[in-house]
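Please see the structure below; I have some questions.
Letters are used for the chains, namely A, B, C, D and E, taken in the order the chains are written, and counting of residues starts over at 1 for each.
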Amino acid sequence: MLKFSAIMLDGMNYAAWLFLVAVGLTLIYGVMRILNIAHGAFYAIGAYVCASALGVYYGAGLPEALAFLAMGVAALVAGVVLGLAVERGVLRFLYGRDEVLMVLVTYAMFLILEDAVKMIWGVNSYFVYQPYAYFGFVEIGGLPYQVYDLLMVVLAVVLGLGLWFWLERTRMGRMTTAVVADREISAAMGINVTRIFATTFAIGTVFAVVGGVVTAPKIAVTPGIGVEVIILAFAVVVIGGLGSIPGAAIGAIFAGYARALCVHLAPQFDLFAIYAVMAAVLAVRPHGLFAKTSGRKI
Amino acid sequence: MSRDAILITEGLEKQFGGVVAARDISVAMYPGETLAVIGANGAGKTTFVNMVTGYLKPSAGTIRFRGRDITGMSPRDTARSGIRRSFQISQIFPQLTTLENVIIADIAAAESGGALSAPALTGERMDAARAILARFALDGFADSIVGTLPQGVKKQLDIAMAAVGDPAVILLDEPTSGVSVDEKIGMMETALAPLKDGETTLLFIEHDMDIVRRFAARTVAFYEGTILADGPTGEVLQNDKVRQYVIGGAHA
Amino acid sequence: QDSFKIGVPVFLSGAAAGPFGEPEKQAAELLFDALNAGEVPGPYNTVGINGRTIEARFTDEASDAAVEYRNLVERDGVDAVIGYTSSGNCKTVAPLAEELETFTVFVDCGTPQIFEEVVTDPKFLFRTGPTATSDAVGAARYLVDSGADLSRVAGINQNYAWGQDNWRDFTASLKALDTGSEIVSEQFPQLGAGQYGAEVSALLTSSPTVVFNSFWGGDLEAFVLQSAPRGLFARSTVLMTCGEALFPTITKDVPEGAIVSARGPFSVFAPENELSTWFSAAYEERFGTMATYPAWKMAQAILGAKAAFEKAGEGATGADAAAAFAGMEFEAPSGTVKMANANGHQAIQGIGFGTYALVDGEPTVENVKFYEAECTSPPADMTAAAWIEAGFEGAICD
Amino acid sequence: MKTDFRREPVYIAVLAVLLVLAFFLPGWLRFLLQTALGGGLVALGVVLQMRAGLVNFGQGLYYCIGGYTVGMLAAKAGITEAAILLPAAVIAALVIGAVLALLLSRYREIFYAMLSLAVSMILYGLLVKAAWLGSTDGFNVPPVSYFGWLPDRGVRPDIAYGVTAVLTVLACFLVARYLRSGAGMLCEAVAENEIRLEYLGASPRRIVSITIVIAAGLSGLGGGILAISTGHVDPSMTNWTTSGGFVFVALLAGRGSTIAPILGFFLLELVRTYALDFAPNAWQMILGAVMLAVILLLPDGLWSLVQRRRKT
Amino acid sequence: MLEVRTLDVAIAGTPILRGASLDVPPGTTAGLIGRNGAGKTTFMRAVMGLLRPEGGAILLDERDVTAEPAHVRAPMGVGYMPEDRRLIPEFSVEENILLPVHATGAGVDRARLTMIYDLMPEIARFADRKALALSGGQQKLVALGRALIVGHRLLLLDEPFEGVAPALAQRLIEVIGGLRGEGMSVLLSESDHVHSADLIDELFVIERGEITRRTAQAA
């Protein structure tokens, strides 16, 4: 029984984290058809920015409760600046090129950013554990659980719903769908494609950065944290169906619970559980769970 | 007609959700004849061709080719058994040259999957491909990348590819749409003449009644998924319902 | 006279760069500069190596090991290679060192296989640090000796060779010591996973009395940050073989009482002598942080090489030095290092364990117990696994 | 013409001459070339699939299978004869390739990439768990004999290089033959318009399967060569970063010739080595910048330089 | 309304339009006639800003839009119907028609939508079906509807009657003719003006990328 509630909680917690780090990836792919490997670097930068920002914040002796506000601001600023810099600085010159080529472009960006991070922050770890400890823990069915982790689930749900609402229910979202389907005709119909791309990329980047920012207080912020994340995020997004926000949520839940089940019941399979889930899902539904129907061809 | 039909459909039906795209479509095609299909937009003409060539599986009804039931066969198998088609939106290999397009058609027709080690680009095959291009008056474009060619040329190439391997039945979906008016007749002539050399049975979908009159002895008119009229072209085009729903009063 | 070129492959990128690459590189820089200036305390107070100034060539270990090793030797013509942290890289490089006949010292890489399987008849290859076997054996002994309740034991180790070997040796050691422990949970999260919520839950729900952990680097820190607030350390005795690395990083967040080691007589477990005092002071002064055990291991590898080349005499080739080095004993900040195993190519050293404590805000260890090399390392003629299996046959402990 | 590979023998002859000349390169450089030849074969396998519009982000799978087959036979079963090991590596990869082709040939575009990645990562997970194979550390491969002759340490590298070079050229020849065949020519058609191809009577799945299997065999050979060259195999061979490198080389090189990815891989390794030498702290950045520059400036890959020259 | 001066456009290095000039005064319907490959589509696309001209100028309502991005045209009341339809497959028919309205942020003009549905009752019938399911000709109608909804000032119709059944084509011609009364300008391309002879005030013939003016009567 204790084990069961632990699995439920752990799965949910891990799923929330996976969703946060993956949703930006699926958004950018969905709109721009760019499978953005640099997403991992954005995540890492988010973690570093959080570490630095909180370092300065606490250094100035400001109240601990408002540190979360500082984290939010840092995420927003860093995400927008970084996203726009990459999109305006590099990607826009490559629009319309092959999807695979874009993967490699972002891979190159990833390598460059990784070393840039190393140059800015060095190779030593950064720690900002105060926010993680701030809320303390609660016992759920005898299992102590960090409140911060539970709040992360709330954050994932709120941000996910917000993004979904933006995409499905707002004019901007509809325009985005049109741009996905046909960039050129969308422009001819009066959509400012450049702005949609820049906005989407910035939002996607903000999500990656948010992922890093909220994770930073739990971990040692070190070089290499981005590599692990990117491949997990890929798996999540592919399970759910590339480009679908609800898909990313379902993918995250699948992967999160697969991991939780493994950890509790068969720890030796942890490493490839997520790939096995991905392979199994793709074998049954070749385009992921929430894949979009493609148009009539002839 | 005295001869046995080569292709017969009986009571074909196709529904997409609530939309009935075809209902009780029974048509017989006879060897060597040329048949036009006309109809309003969305009448089910393309759906009919899609069913015959195996792209869509009919919800009901049967399709018989040379007496054999081919209902539900895959496009590949219908193609291999001798039914070929061209497309409303030309289906070609856009990044390749015109010559390569035809060569590929030839390899696919000759070896299905392609042999593994024998060189495919034999002199013989090159000559054959060039001959096909010449037959369809495409030789001027042999080395152009197909994607950059005008619509009309793409259409013609699409037909040329369908004709590779001398199939028994060819179905052309709007072969002249996108082709300029003064070229339409010329194009139909270049496209059909080589096909008519043999015993090829030909069906084409068309919106231009001049073309229909000129090239088809028999016409089938579709409306809302059903056959409105089927008979000699002259009669069908005079049919009141056909005039009302398809051709329109003034233009006929 | 031309300089003495040393190739130094250490991690400059990736997750191991911070915890290993950086201290190793810094220690190497410190020693090379001090040696060139003749400032290292005796017996190393002569300039450079055999009077030749040392010139370092650092390369990133996180690249193709075989290719980079050849580049160092064949392209750059180094006189010696001192480095390597990853066991996988060591395995790749070991036969190459013999093939290219180049004096090579492995600084770290825990796997005992190097001389047990990969190069069984070494000539040019040395390892100046102890293998990981002593970590696990020492850990088991310390737990028993400190009277910990070993009835329910859990392990959380990284899912790769290092973590798996550590856990295997540790559980085998428990068996050899006849503790009658029940293994209640074995967690193997992926290297660099960073998120241990589920693992911690699994550990908590299996209510272990002892938790064994061989994490290093960011994983170790993340594990402590995520498990301590949830009370894992309060509910169980947690032992971290690489725990000393936490001292300069998350000083305040390591729960007091956690059992730590420095994987040998390094850092807080180092003996007091002139070399160790000089090293830790000079390191801290130059880099503003305490020297963690990888720095100590690098220092001792370099000093070992110097001792070997100088024993072989002026103008010594790599082969001469290698011959001189085999079976040698040399002084290091960690005390006297005996090249005792693998025909004198593998060092054996003791290991200390203790509990973490903060005294006046300074991290330190209490309840220290030190095991001599002969107690935690297999004898020269036995493999680690067989030795543990045989109940530490021939071990000399006091 | 994209599908015309009739000039291929000339290019392969050029490659052969280059490889003979390279025999006299300094040891480290020749070794770099030798490992690059193994990797180049894998990249060539990626290129073959790319011609059919498929990007394999898990080609390292077969590379790893080739390497481990050689490694396990040599180190665990005591068979150290290259004339057995290398064919075994190829066959093992071919068999796995054939089995996976049944599944993978149904997938296209990014889904093919992701599924192949997943499969290769499953193998990675399995190998990491296999303590008897050294887990992440992998294990070492003893020196091999050639038709019963075990060369001395002194000439071993020369022989290994010679064998690698000969096998590479041979593999290129076989691939060129395949490229000129019907199945090879139809790949381009699969990438461009499967519906048309089906309607011409050909089976895209069959063509894709053949490609997958051939690419697997090549990669198996590459892995086998690497195992013999470096004397070490480990699971990183099937990690996605390794596969990503192959994809990069494939794109960088372009698909104009069998020798392009082989030379491309060597170039990449050179860039990597010199970047490491020049800036050990920022070599990834240099590598990334070079990648970006190539993508921006040479959209059709390096081989387009050769082709452009030919056209003008 | 539309004035194009000596437009030069090249695709992949090949010059396609050479000094093409044309003007469509307010309230007139102009035909751009040319054989396959003459450059009609290229011209339309250049006017829409989908291709960058190498020389010349494009003026809409006296405003020089040559260097402006494509999306500024729709808010100026320009409706475009591409030759190859280009609907958004996952949108419903009505969403497709309303796309430019949503894009420009203008409120939905119900009256105009009703007008379009009246004009083409067949699309009203399948207004809530997804565009991806439609037949070729049906898509063409939707694309026309989409152009009409924003095209208050200028309509650019690229081969609008191609693939449309004759009965329907006739009706469309009548309606487009009726738009003249509202002061709208229309430029429609065709390979021949058989369909639109009665409709056209001004006739331009394009040949190998060069445009010459004919009077409608003379042609």
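Just so it is clear, contacts are C-beta pairs under 8 Å (C-beta built on N, C-alpha and C of every residue); 3 or more make two chains touch, one makes a residue touch a chain.
None of the values given here were measured: they were computed from a predicted structure.
J.: Just tell me the minimum hop count from subunit D to subunit E, counting one hop per pair of touching chains.
T.: Shortest path length, in steps: 2.
J.: Need the most distant chain from subunit B, centre defined as the mean of C-alpha atoms.
T.: The most remote chain is C.
J.: So, what's the distance in Å between the C-alpha centres of subunit C and subunit A?
T.: The computed centroid separation for subunit A versus subunit C comes out at 36 Å.
J.: In whole angstrom, what separates the CA-based centres of subunit A and subunit D?
T.: Each chain reduced to its C-alpha mean, subunit A and subunit D end up 32 Å apart.
J.: Provide the C-alpha centroid distance between subunit A and subunit E, rounded to the nearest whole angstrom.
T.: Distance between chain centres: 42 Å.
J.: Using the touch definition from the top, which residues of subunit D touch two or more other chains?
T.: 128-129, 195, 281, 283-284, in rising order.
J.: Hunt down the residues of subunit B that sit against at least two other chains at once, touch-wise.
T.: 46, 88-89, 91, in rising order.
J.: Could you say which residues in subunit C touch two or more other chains, in rising order?
T.: 12-13, 159 - these are the residues of subunit C that touch more than one other chain.
J.: Going by the contact rule at the top, pick out the subunit E residues touching subunit A in the complex.
T.: These residues of subunit E touch subunit A: 48-50, 69-71, 73-75, 80, 82, 86, 88-91, 95, 99-100, 102-105, 131-134, 146, 150.
J.: Using the touch definition up top, name the residues of subunit A that touch subunit C in the complex.
T.: Interface residues on subunit A, with respect to subunit C: 2-3, 6, 9-11, 13-14, 17, 114-115, 118, 122-125, 127, 129, 132-133, 136-137, 143-146, 149, 215, 217-225, 227-228, 259-260, 263-264, 267-268, 270-271.
J.: For subunit D, which residues count as touching subunit C in their complex?
T.: It is residues 26-29, 31-32, 35, 128-129, 131, 134-140, 153, 156, 229-232, 234, 236, 269, 272-273, 276-277, 280-281, 283-284 of subunit D that touch subunit C.
J.: Per the contact definition, I'd like the list of subunit B residues that touch subunit E in the complex.
T.: Against subunit E, subunit B makes touches at 16, 19, 38-43, 45-47, 88-89, 148-153, 174, 177-183, 207-209, 244-252.
J.: Give every residue of subunit D touching subunit B within the complex, in rising order.
T.: Its residues touching subunit B are 1-4, 6, 177-178, 180-186, 188-189, 192-193, 195-203, 206-207, 210.
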